[in-house]
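Per-chain numbering from 1; labels A, B, C and D assigned in written order.
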Amino acid sequence: MAPDRWIKNPDADPSLDGPGTSGVPSAEHMVRGLRQTAQGEGLVELLSPEGELSSHPDYPLDVTPDLLKGLYRDMVLVRRFDREGNALQRQGQLGIWVPLLGQEAAQVGAGRAMKPQDMAFPSYREHGIAWCRGIDPTELLGIFRGTDHGGWDPKKNRFHNYTIVIGNQALNATGYAMGQRFDGLVGNNDPDRDEATIVFFGDGATSQGDVHEGMVYAASFDAPVVFYCQNNQWAISEPVETQSRVPLHQRAAGYGFKGIRVDGNDVLACLAVTRWALDECRSGNGPVMIEAFTYRMDAHTTSDDPTRYRLADVTEAWKMFDPIERVRVHLTRSGWADDDFFASVQADADELAARFRAHAVGLETPPPTRIFDHVYSSPNPQLERQEREFLDYLEDFSDGDGPDASSGGASLAGTAAGANAVGGVL
Amino acid sequence: MAPDRWIKNPDADPSLDGPGTSGVPSAEHMVRGLRQTAQGEGLVELLSPEGELSSHPDYPLDVTPDLLKGLYRDMVLVRRFDREGNALQRQGQLGIWVPLLGQEAAQVGAGRAMKPQDMAFPSYREHGIAWCRGIDPTELLGIFRGTDHGGWDPKKNRFHNYTIVIGNQALNATGYAMGQRFDGLVGNNDPDRDEATIVFFGDGATSQGDVHEGMVYAASFDAPVVFYCQNNQWAISEPVETQSRVPLHQRAAGYGFKGIRVDGNDVLACLAVTRWALDECRSGNGPVMIEAFTYRMDAHTTSDDPTRYRLADVTEAWKMFDPIERVRVHLTRSGWADDDFFASVQADADELAARFRAHAVGLETPPPTRIFDHVYSSPNPQLERQEREFLDYLEDFSDGDGPDASSGGASLAGTAAGANAVGGVL
Amino acid sequence: MTTSEKASEQTADQIRADVAAEIAAIAAKPITIAKALNMALRAAMEIDDKVLVMGEDVGTLGGVFRITDGLKKDFGEHRVIDTPLAEAGIVGTGVGLALRGYKPVCEMQFDGFTFPAFDQIISQVAKMQYRSQGAWQMPMVIRIPFGGGIGAVEHHSESPESLFCHIAGLRVMSPSTPADAYWMLRHAIELPDPVIFFEPKRRYWEKGVLDTSVDPGTIASSIVRREGTDCTVVSYGPSMPTVMKAATAAETEGRSLEVIDLRTLSPLDLGPVLASVRKTGHLVVVSEAPRESSITSEVAARITEEAFYSLAAPVLRVAGFDTPYPPSKLEELYLPSLDKILDTVDRSLAY
Amino acid sequence: MTTSEKASEQTADQIRADVAAEIAAIAAKPITIAKALNMALRAAMEIDDKVLVMGEDVGTLGGVFRITDGLKKDFGEHRVIDTPLAEAGIVGTGVGLALRGYKPVCEMQFDGFTFPAFDQIISQVAKMQYRSQGAWQMPMVIRIPFGGGIGAVEHHSESPESLFCHIAGLRVMSPSTPADAYWMLRHAIELPDPVIFFEPKRRYWEKGVLDTSVDPGTIASSIVRREGTDCTVVSYGPSMPTVMKAATAAETEGRSLEVIDLRTLSPLDLGPVLASVRKTGHLVVVSEAPRESSITSEVAARITEEAFYSLAAPVLRVAGFDTPYPPSKLEELYLPSLDKILDTVDRSLAY
C-alpha cells in the first residue's frame, strides 16, 4: 500500500478523467489546484494581506518608514507604467505587452534585495526588476514595439536581456554565477564586494530541462545563484498543477540546496527572503531556490484571452491579496505616510506614464541596415554582399514609390486584423 | 546562517579547489565521494554481503530456494556472457563491449520483478534486463559488432531498443506508460493484466533535462513508470558527486512521488523493491523512482581506461559486496543448493558463452542495400535514386577488384590502431 | 476478421462517411487555413481513436492560434493533452505514445520553441524505424506554426524547415492553401512516418474552398499552381500567395511565370520542377528561410545538376538574409516580397 | 595604461614569447591533429587566463579522445571543468561564463550528442550579439569531434555541420591538418564570435608539421591545397586526405585536379573556389554529410550562381546518402572514397 502522500488528487472526481471532461475547468477544479499548491509548508510572510507587520526568525528585516515608503513608491510606479503598456498596445502603439499586474511585490521585493554588484537574469515579465536595477522603463519599449530585440545596456545595470525561450536563462545565470565564483568574488566575507546572481522564471518554466540542468550545475559548482520562481499559478492557460503535484520550492531539496516559499504578494517578505538568499550565495552557501507564491492578475500577454480558461471569481478573490494595498494600509494606519506622500507618488507615477507613452509613440523604425548589424563582431564578405545587394535594390526604387515591401501584397489587408491579434503571442 | 545540511563538503580541503589540484583524484577524494552518496537514509537490503537473509516491512518477499537458485543462475549466466563480450572485443571480434560487471543483481532483480505485460526501456548496459526479458544474448551482438543498430524485436519481448543518447529513453518510457494508462490498463486491480513500464538509466543521466522532464510528465499524468537509476558511482570518468550533492533518489520527492534507495548488489532487495514499485504503478500510484546503489566494477566500455581516473583499491573494496557471492554463500550455507547445482549452472554458463562467441564470429556484414532500408516506411524516389546510382556504381567495379571503399586510402592503415581505440567510445 | 473487428470496421466506415459528409457540407463556402487544420484534426480523431493531440495550451485554450479549438471539449483530456511546459517532453513522450500504438499530433507553440525538442526529433523520431529495421514505426506529426510577417517579438517568426530537411527519416511538409492544409494534415496523420508539418502562421486567416476530390497519393507532391512559359518560380507555405501575386503582376508586364508549390520539402519531389525548367529555362526559388545550407540551396543544386543543359540562367533565390530574424518593424524588408520576386525574375531573364 | 596593466602586458608578452618558443621547438617534428589541438588549448590557456575548457570527462580523463590531456593537472579544476552530464548545461553555462568575461571552450563528446545543446546554441549563443546590438559578445568555442570511419556505434559518426551553417551568428570551422588544427583553434578562441569547431575525429592521429609562419587573418579562409587545371574539388575536414589522394591518383591517369579546403564552412569564403572554377570549368564538392539542404548544396548553388558561364558541367557532389548513418560495418560504403571521387570527376569531365 502506498502512503497517500505521493498520490495525486486522492479525492479526485474520476469523472474528470474521462473523455467527457468539459473544455472549461470547473470552479472546484480551479480551487483544488490552488489548494494543492497553496498547502504544504507555510509561506514566509512579514506583512499580512490586512497590513499587519510581523517578523520571522530566519529572515530578519529592519522595517523603517523610509524603506516601506520606498517600496510602496516602486510598486505604484511599476504598476502604473505596466498599465500604460497595456493601454499602448490596445491603441496599436505596441505590438504586444506582457503585464506584470499582481506581481509587483514579488519583483520589487527581489529587485530591492539586490546589491549593485549582483547580476539579474530576467525572463520577459520582469519590468519591476528592471525598474529596481535602474533601467529606465522606456528602454523596455523597443522589444514590444518591434524596433529592437534588446534596448538597454545589460552590462551597465547588471540586468541581462529579456530571455523569451522559456528556461534558457537558468543556465546562463548559473554560468555567470560560476564565473563570479571563479573570479574569487564569493565567500570573502565582504558583503560590499562579494557577488551573487539571481535568475527569474515562472512556474511553467520549472518543467523545462534547462531549469533542471541549471539547478544541477549550480549545486555541482556551488554557484552563487538564486533561482527565483514567480509562481503566478498559470503558464498561459495551464494551471500550475499541470507542472507539479507538489509545491515547487520542494524541488530544491532534491538537488541538495535550500528551497523557500514566500508570499509573493508581500513585498517585505520577498525582500527579506531574497536578501537572505543572495547573502547566502555571496558567502558561498548557494545556490538557493525561492518560490514566490503570487497570481497573474491580468492576461498572459495582451494577445491572450484568459476568459477562455479561468474563472473571473478566482482572480477576484486574489484581489484581497493585493501587494500594494496592504502596504498602503500599513503606511496609513501606522502614520508613516500622509496624504501628501500618496499624492506625490501618484503624481510621479502619472508623470512616468506620460513619459513612457511619449517615448513609445516616438520610437522609430531603425534603418534597413540594422538587419545586418551585429550578426558577427566584424563584417564578413558574404553578409556584406547580401546587404549591399539589398541596399542597391532598395535604391532602385527610391525614385518611384519605393518597393512593394509587403510580403503579402494587397490581400494582406484582409488579414491584418488576424495578424495583429497574434502579433504578440509570446 | 545556513544550516549545514545543504552545504557541500563542509569539511572540504580548500586546497582541492585551487588551480593546483592534481589531475588524479586523491584516495580521500574518492572515499569522500563514496561516503557522501552512501550516507543518508539507509539502503533497503534483504541479503547482506555476508549472505544473511532479512526481511523488510515495506517490501515483503517470499524467498524460496527455487527463487534464489533461479536468480543465482541468471546472474552467473549474465556475468558469463558479459565477460565473453569483453573477450570478444579484445580479440577484435567486436568493435566495443559495454560491460555490466558488478551490476548483475541490480539488473536481474529488476528484470525478474517485471511481469510479461510490462515494458522495459533500457539504456545500453542492460544486458541483464535483456536476459530476463527473454532476449537471446546473441541478439545483442549486432550493435557491438557494427552490423546492426538494433537486433531484436522490441515489441515481442517488450524490451525496447538500446538508447545511446543519454536520457532520451526516460521520456519515451514515460510516454509509453501514459499510453498504458490511456489504454485503461492501469488501476483495475488486475495484476495479471494491469501494466507498468520501467526505464533504466545511470547516475550520470540524472543530470540530463530529458530525465527531469520524464519525471515531470510522469508525475503530471500519473504515468505507471518506474525510474530505475543504476547508480554505479561513475559516468565514464566522473564520480557521482559531479552530478549531485545528495543521494539521487531524493530527487523524486521534489516531483511529488516516492524515491527508494536499494542495495543494488542485493538481488533480493532489487527484486522486492522493483516488484513493489511496478505494482504501485500498475495500481495507479506511479510513478516511483528507485536508486540501485551499486558499482561499475569494470571500465565504462572496452575503450575506456579507468586507471586514468580511479583508484584500483576502491574497486577492490567493492569486491566484498559482490552480488553473486552473497547468494552463493546463502545457498550453500542454507543447504538450498549443492555442488551439482553450482556445477550445472557453470556448465550452462560455459555453453552460453560458447554459443555467444560462435554467433559473434559468424555475424556477417549486411548487404549494401541495408544502408537504404527503413529510412521511411515506403520507398521514395529521391532515396531510390541514390540507392540505384550507388548500386550501379558498385556494379561497375564488380569485374575488377571492387572499388576502393576506403575513405582514407592507404594511409588509414597507420591510424587503424588509433581508430580502433576509439571505435567504441560510447 | 472476427465479428467484433467487422463491427468496428463498419463503425469506422460509418464514421468515415460522416466525416466525408461533414466536409462536403462545408466544402462549398470558403474557410480559413486555421479552420481547415482544426477540421482535419477533428476528422482524424473521429476516424481513429488512436489519434491524440498534445502540446502547450492545446486543450482548454485551444492553442494560441486556436487550431485545436473545441477538441478537448469533444474528445476529452486524454486525447487532447495540455502538457507541462517542455518541448523535449512533448516530443519525447509522443515517441513513447507512438510506440504504444498511438498517433500523437504534437504542437510546438512557435517555430523558435522547437529547438528544445530537436534532440528527441533527430535521435529518436527520425531514426526509430531505421534503428529497429522497421520493427517500430513512428506515426507522429509535429505541427509547427512558422514564418514571419505577424509583427511578433523574437523567436516567433522563424523558418527553421531547412534544418529538418537535412535530417533523414523525417518527412517535412508545408501547406499553402486551406484545402492542402486539410488534406495534407489528414495525410500526415495517416502516414506511418514522422512528419514535421510546417504551418504558415501568417496565412492562418486566408480563405479558400475545400476540394473534396483529392487523391491521397499525390496530396503531398509538388504541384503546378499556375502555368507559364518564361520562368519557373518555386516556393511553398507562406510565400506562395506572394509568389502567385507576383505571377499576376508579371503577366501585366508580359511575362509568363510558371508557379510550383513544393508542398513536401523533404524528401523532395522535384519532378514537376524539372519538367517546368526544361520548358522555361529559368528558375527562381522563393522562401523566407535564411539562404545558407537551406532548402533553397538544395533545390538550386539539384535542379542545376539534373537540368544543366536546359538552364539559360543560374537558379536564383529570393530568401531570407543570413541574419537572425530582425525586429518586426523591419520584417517586411526581410521577407520575400512581390517586388523582390519580380526583380529576381528580371535578373534571371536578363541572362 | 596603469603600471599594473603595463606589468601584466609585459607578462602577457613574455607568455606569448614562451608559447612561440614552445611551438618553434616542436615545429620541426610532425605531430598529430590531436596533439596540435591539445597544444592550442594549452597555449590559449597560458596566454589568457580567461580561457576555460569545459565538458564531460575533459578533466581528469583528458577527454575520451585525450584532446584535453594534462590540462586539468596544469590549470586546475576551475579552468578545466568536468561538467555534469548535460550538454544544454555545458553550453548554457558556457554562455553565462562568456557574459562574465570568460572564454569557454566547450567540448561535445561526440557529434551525435550535440543536439541537447541545440536550443542554447541557436537561441542564445548565435543570437546574443544581435539581440544586444553588440553590448554582449560571445567569445565561445564549441568543439565537436565529428564524422565517421571509426567503427563506432550509432550517434558517434555523424556530420551535422550543415545544421550549424544554416544558423546566422555562428562561425563554423573544420581543420584538416595538424597545423590548421592548431592555428584555427587558437584563432577561434581569440574571436569574439561563437565558433562551432568541427574536429575530424577519424584524422586525430594523422601527422603533419606545425607551420609557425601563419597569418591569423587568413588562417580560417579557404585555401588551395593543390593546384590543377582540369577540375576543381572542394572539401573540408575529414574528407580532405581522401580528396588529396584522389588528386594524386587522378594525376597518374593524366587528370589535373585543383583541390580546395574550405576550412571555414560558415560564413563561406568562396573566393578561391570561384577563381578556380573560372579556370577549370568543373567542380566537385566532397563531404560526408547527408546531401539534402546541406553545405554541399550551398556551395553548388552559390558557385553556379556566381560562375554560371564558366561551368562546363553542373556542380556534382560526393556526399553522404540521405539516410541515417549506417551500422559501422557498412560505413566505408557510405563515406566518400577515392573511387567515388574519381568516378564523379569523370562524370563531370564527361559533360
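Points to keep in mind about this one:
Keep in mind that, in the parts below, a residue touches a chain if its C-beta (ideal position, glycine included) is under 8 Å from a C-beta of that chain, and two chains touch if they have at least 3 such contacts.
If you're wondering where the values come from, they're calculated on a predicted model, not measured in any experiment.
Farthest chain from subunit C, judged by C-alpha centroids: B.
Two chain pairs are in question, B-D and A-D; the one with more C-beta pairs in contact is B-D.
Computed centre separation for the pair subunit B/subunit D is 34 angstrom, with centres defined by C-alpha atoms. Subunit B and subunit C have Cα centroids lying 40 Å from one another.
Centre to centre, using the average C-alpha position, subunit C and subunit D are separated by 34 Å.
Multi-chain contact residues of subunit D (touching two or more other chains): 78, 83-84, 86, 88-89, 112, 115-116, 119, 123, 127, 130-131, 154-155, 168-169, 267-268, 291-292, 321-324.
Counting partner chains per residue, subunit B has residues 148-149, 165, 207-210, 213, 216, 220, 242-243, 375, 382-383 touching two or more of them. For subunit B in complex with subunit A, the residues that touch the partner chain are 2-3, 6-8, 206-210, 212-213, 216, 219-220, 222, 242-246, 250-258, 280, 285.
By the touch criterion given at the top, residues 112, 115-116, 118-119, 122-123, 126-127, 130-131, 154-155, 162-163, 165-169, 266-268, 290-298, 300-302, 304-306, 308, 313-317, 321-324, 351 of subunit C touch subunit D in their complex. Partner subunit C is touched in their complex by these residues of subunit A: 16-25, 95-96, 142-149, 164-167, 204-205, 207-210, 235-238, 242-243, 303-304, 308-309, 365-366, 368, 370-372, 375, 382-383, 386-387, 390, 393-394, 396-397, 403-411, 414-415, 418-420, 422-426. Note for the complex: subunit D touches subunit B at residues 56-57, 59-62, 64-65, 70, 72-73, 75-79, 82-86, 88-89, 109-110, 112-113, 115-116, 148-156, 201-206, 238-239, 241-242, 245, 288, 291-292, 321-324, 326-330, 332-340, 343.
Residues 148-150, 153-155, 160-161, 163, 165, 168, 170-180, 182-183, 209-210, 213-214, 216-217, 220-221, 373-378, 380-383 of subunit B are the ones that touch subunit C when the two sit in their complex.
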